[in-house]
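The data blocks that follow each hold one structure.
Each of the next two complexes has chain A plus one other chain: chain B in the first, chain C in the second.
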Partner chain A sequence: MIHPIPAGTRDVLPDEMRELRAIDERLRGTFEVAGYGEIWTPMVEYEEVLRAGDDNAADAAYRMFDDHGQVLALRSDMTIPIARVVATRFAVADEPLRLCYSAHAYRTVGRKTGQQAEFMQTGVELIGVPGEDGEAEVVTLTLSALENAGLARHRIGVGDGSLYRKLLAALDVPDDAHRELLDCLSRRDLVGLERRVDALGLARDARDLLVGLPERRGGPEVLDRPDGPAAEALARLRGLYEALEARGVGDRVILDLGLVRDLGYYTGAVFELYDPAVGFALGGGGRYDDLIGRFGEARPACGIALDVQRVHIAQAAEEEQR
Partner chain B sequence: MSASGLTIAVPRGALMGGTLDLLDGLGIDTAGVRSNDRKLLFQDAGIVTMRPSDVPTYVEHGAADIGITGKDVLLEEPGRDVYELLDLGFGRCEMVVAAQSGADPLGEALRRLGRLRIATKYTHIATEHFARTGRQVELVHVKGSVELAPLTGLVDGIVDLTATGKTLAENGLEVVEEIVTCTARLIANPVAHKLKAAEIDAIVERLRANAQ
Partner chain C sequence: MIHPIPAGTRDVLPDEMRELRAIDERLRGTFEVAGYGEIWTPMVEYEEVLRAGDDNAADAAYRMFDDHGQVLALRSDMTIPIARVVATRFAVADEPLRLCYSAHAYRTVGRKTGQQAEFMQTGVELIGVPGEDGEAEVVTLTLSALENAGLARHRIGVGDGSLYRKLLAALDVPDDAHRELLDCLSRRDLVGLERRVDALGLARDARDLLVGLPERRGGPEVLDRPDGPAAEALARLRGLYEALEARGVGDRVILDLGLVRDLGYYTGAVFELYDPAVGFALGGGGRYDDLIGRFGEARPACGIALDVQRVHIAQAAEEEQR
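And now, the complex of A and B:
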């Protein structure tokens, strides 16, 4: 007799569990030592709370009703619940808040893609530190947490989630074309993007910028070109890069002008973590200065979440290399 | 590690010749692949060969850094998280709706029975096409020769890929609608696209230069 478990979920047996716990403890240990206190929130939230944070309820996969007919959803990330906590429980605090977590989250995944609908996330949120100071702190901390977990070859992609949107507005691209172009970018369809930009009949410079910018990734040289409408965002990225270099992690940074994150709450810098042993990103995050304001008084904030199972795959590969 | 520094997923079948010619143009040695029909993995050249529809799977998971496959495969599985970097131009074919020549079996089925029965291997593309054009459809998923389905009365028409229309004509079918033109595409794993940016960009630039 077969007793199946839901698609995208799994059982973890003792050998693997021991290793997962060890990695989680190293990650969380690094965060705790840096002054980030661990926080726990309910696994179920009212769906409208998730929707207040992101139009797609951050891709929540499982919904149910409570005894009053209210729609509940299993949390799809920890950032929205933490934004809710900060706005309600820490409403009077004005000092920076440093929070970390280690918890399961649930998201929609395609069937048979081998991706997990239930996944364990360990991450940090830094509230009340605006600009590159906050971003440099969480990036540096995450990189050293991964190092403590046994990784050696990990890198972080750093971009600006609002860059392309601003570019479209600055280059007078008609409003009705924005959505299609942004969709192409988030689907990583660069062929479709080029075709649609060409169809707009823009001036050569504008066309080249819209087509070429998403392909620019690498060291600080990607910021060198004087790109009129993008100049302000590029200057901000340069500031962040310099702050990261000053903290000694410049060689782990990949500046990526095409980096976009699917979640709608990011307002500026966005991050994605990579390791050569894993075909998927290990995690990601960014700055979300408007999110807490949707639940109460606005406060600048940024954070990063890591997928512990993927970090485990990278760590196991690293062990094999030695 | 191969000369290109990358693992390349090469499709077997109709796109294989064009793909290997393209790799030759990049200075990648494909002689071994051409001379051995059964071997699948060619470590020195950095080439792995597979069905075109498996290419996005290997690339998405990072088992191959880049790959070549048809746009039809990418349209059929839009959820795959891969970069689509270049339209390579070769392997051109048309995704079409076809039905038996002469009478109008599709129009007749829609008018009298309120829906079309369509056989296809491309259920996602077919669903989207008929939804977009406002027609109800009953899809029959077949795996082998789709052309047989309307001849036996299983369905009213088919959605399939055709290059010359020869197979359709030989089975008494004709194209009634063109859905989309499909060509070979270069795709890349999102992590490789960042970590091996220089290697991937070198290939993209040379392919772009060759195309012009």
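And now, the complex of A and C:
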């Protein structure tokens, strides 16, 4: 007898579960020692709550009806539910809020695509600390959590999630072309991006900036040129890089001007975690200063989520290569 | 701004979450030291898998469609998914299997009923150990897990989930009356039960057995009378009681001939955990020797699930009363 399970899900048997649990505990332990308190939100939310946070997140969610005909959805990340909680339950708190979580999130996938539908995520959210101070704290903490989980060679990609959108606006690229260009970028399809930018018939300088900027990836030298409409974002990234260097983790940073996370709520710095032993990101995050304001009073915030299963694979791959 | 969350769900903030996590770790730690390996199954299952396990479990589940129009459901307990895994992934294993879990389960509830929709459950399943040996192991382990989680006054109710159904059959009670009588019993409505039994116009002996048996609750003296068609079940319960006494936990056992768990897959002993400090059950379980056979080769099995939130409330209530 065959009893299938839904596309993108899997059963985890004890030998693997023990290791996943150990990694989760190391990550969460690091966060808690740093003053991040664990929070739990319901697996099921009203769809309009997810949609208030991000249309794409709501589109990607498993959806169902409650007995009053309202649409419920499985959370597709923890950041939007936590933004809801912060705005409704911590509305009077002025102090920075440090929260962490260890929870599953869900996104619908087609059959036989090989994509994951169920994610075991451990992560942090830092609320009320604006700018590079908040970002540097979250990045440094995540790097040390991964070290405690047994990784030695991990790196973090750092970019600016609003940079390319601002560039498109500043260079008067027609609104109806934005979506396609940003899609190329989030797929890392720089050839497709160049073809589409060329088709816009822009002035040479603008064309070169739109094509060349996303290719700049590496050490602090990628921030060197002033680059007109990108100058402000580049200056911010320089500040963040210096803060990370001061905290002793500069050698783990890959500045990446083409980095775009696909969730729509990021307003500044964005992050992606890598390990050279594997070919996929271990997690990511960024600054989302406008998200909490969609549920109540606005507060600056940033955070990172790690995929425990991917961290586990990276840790095993590092071990094999040692 | 108000951003409601679905009926029966709640946000858990760090102070409480820390305590729930500590209880979960104590319970799971006890299970793992005893050789029970943690397992994870997807939150989302095909509805027909849940329905193969138990119609009521499927009816109580949140349901949604996948992109091929098949019905998916949020698991309403962990026992049915684990039965699926055991039948499909451990089909060749002959040795006893000891599995534990720490996971959420979901049941739909009406608005404003005050019922929980989201349950944080930690539990065990013991597969391949039939009869009182298996039951005594699971009961003793659960009692010691609760002790490790900080409880001192907890008790376990022990009954037979098939006893009343067998009695109804043996006494030739018409099939169409069974549902109503069992519903009375699972609601502990012994007055309603008596009224309905009287209306059946049975012989005196049969009537007295159907009304009197569920009222018998206490020490081993409730097993003393032979009681015709109930004799076999009572002898089994006596064997289990003696095994529990031999393991030194007899004083924690409340024999309860009226105990019926509402899940339809129990075939023998059923359990319910209590603490005198609170007025609700902390969890329950029982023997389900037919369930795994619905997914593959039949294997005897029994298990218990604890509601972590309720254990937490009981532990706090005990502390207050000290």
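The criterion applied here is as follows: the second predicted complex is superposed on the first by the 313 of 322 C-alpha atoms of A that agree within 3 Å, B and C clash if a C-alpha of one lies under 4 Å from a C-alpha of the other, contacts with A are read in each partner's own complex, and residues count from 1 in each chain.
Methods note: contacts are C-beta pairs under 8 Å (C-beta built on N, C-alpha and C of every residue); 3 or more make two chains touch, one makes a residue touch a chain.
Computed from a predicted model, the values in this text were never measured in an experiment.
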{"item": "Joint occupancy of chain A by chain B and chain C, clash or fit", "value": "fit"}
{"item": "First, second, both or neither for A:Pro4, with chain B first and chain C second", "value": "second"}
{"item": "First, second, both or neither for A:Ala246, with chain B first and chain C second", "value": "neither"}
{"item": "Partner chain(s) touched by A:Ala316 [first = chain B, second = chain C, both, neither]", "value": "neither"}
{"item": "Chain A: partner with more touched residues, chain B or chain C", "value": "C"}
{"item": "Contacts of A:Arg188 with chain B and chain C, given as first, second, both or neither", "value": "first"}
{"item": "First, second, both or neither for A:Ala298, with chain B first and chain C second", "value": "neither"}
{"item": "Which of chain B and chain C A:Gly157 touches, first, second, both or neither", "value": "first"}
{"item": "Chain A-centred angle between chain C and chain B, computed on Cα centres after superposition, in steps of 10 °", "value": "100"}
{"item": "First (chain B), second (chain C), both or neither touched by A:Val278", "value": "first"}
{"item": "First (chain B), second (chain C), both or neither touched by A:Gly218", "value": "first"}
{"item": "Minimum C-alpha spacing, chains overlaid - chain B and chain C, in Å", "value": "16"}
{"item": "Overlap of the chain B and chain C footprints on chain A, listed as residue numbers", "value": "110"}
{"item": "For the chain C and chain A complex, residues of the former touching the latter", "value": "1-7, 9-15, 17-18, 20-21, 37-46, 49, 52, 62-64, 66-68, 72, 74, 84-85, 87-89, 99, 104, 106, 108, 110-111, 117-118, 295-296"}
{"item": "Contacting residues of chain A [partner chain B, same complex]", "value": "110, 113-114, 155, 157, 187-192, 215, 217-218, 254, 256, 272, 274-276, 278-281"}
{"item": "Footprint of chain A on chain B - complex, ascending", "value": "60-63, 78-87, 185, 189-195, 197-198, 201"}
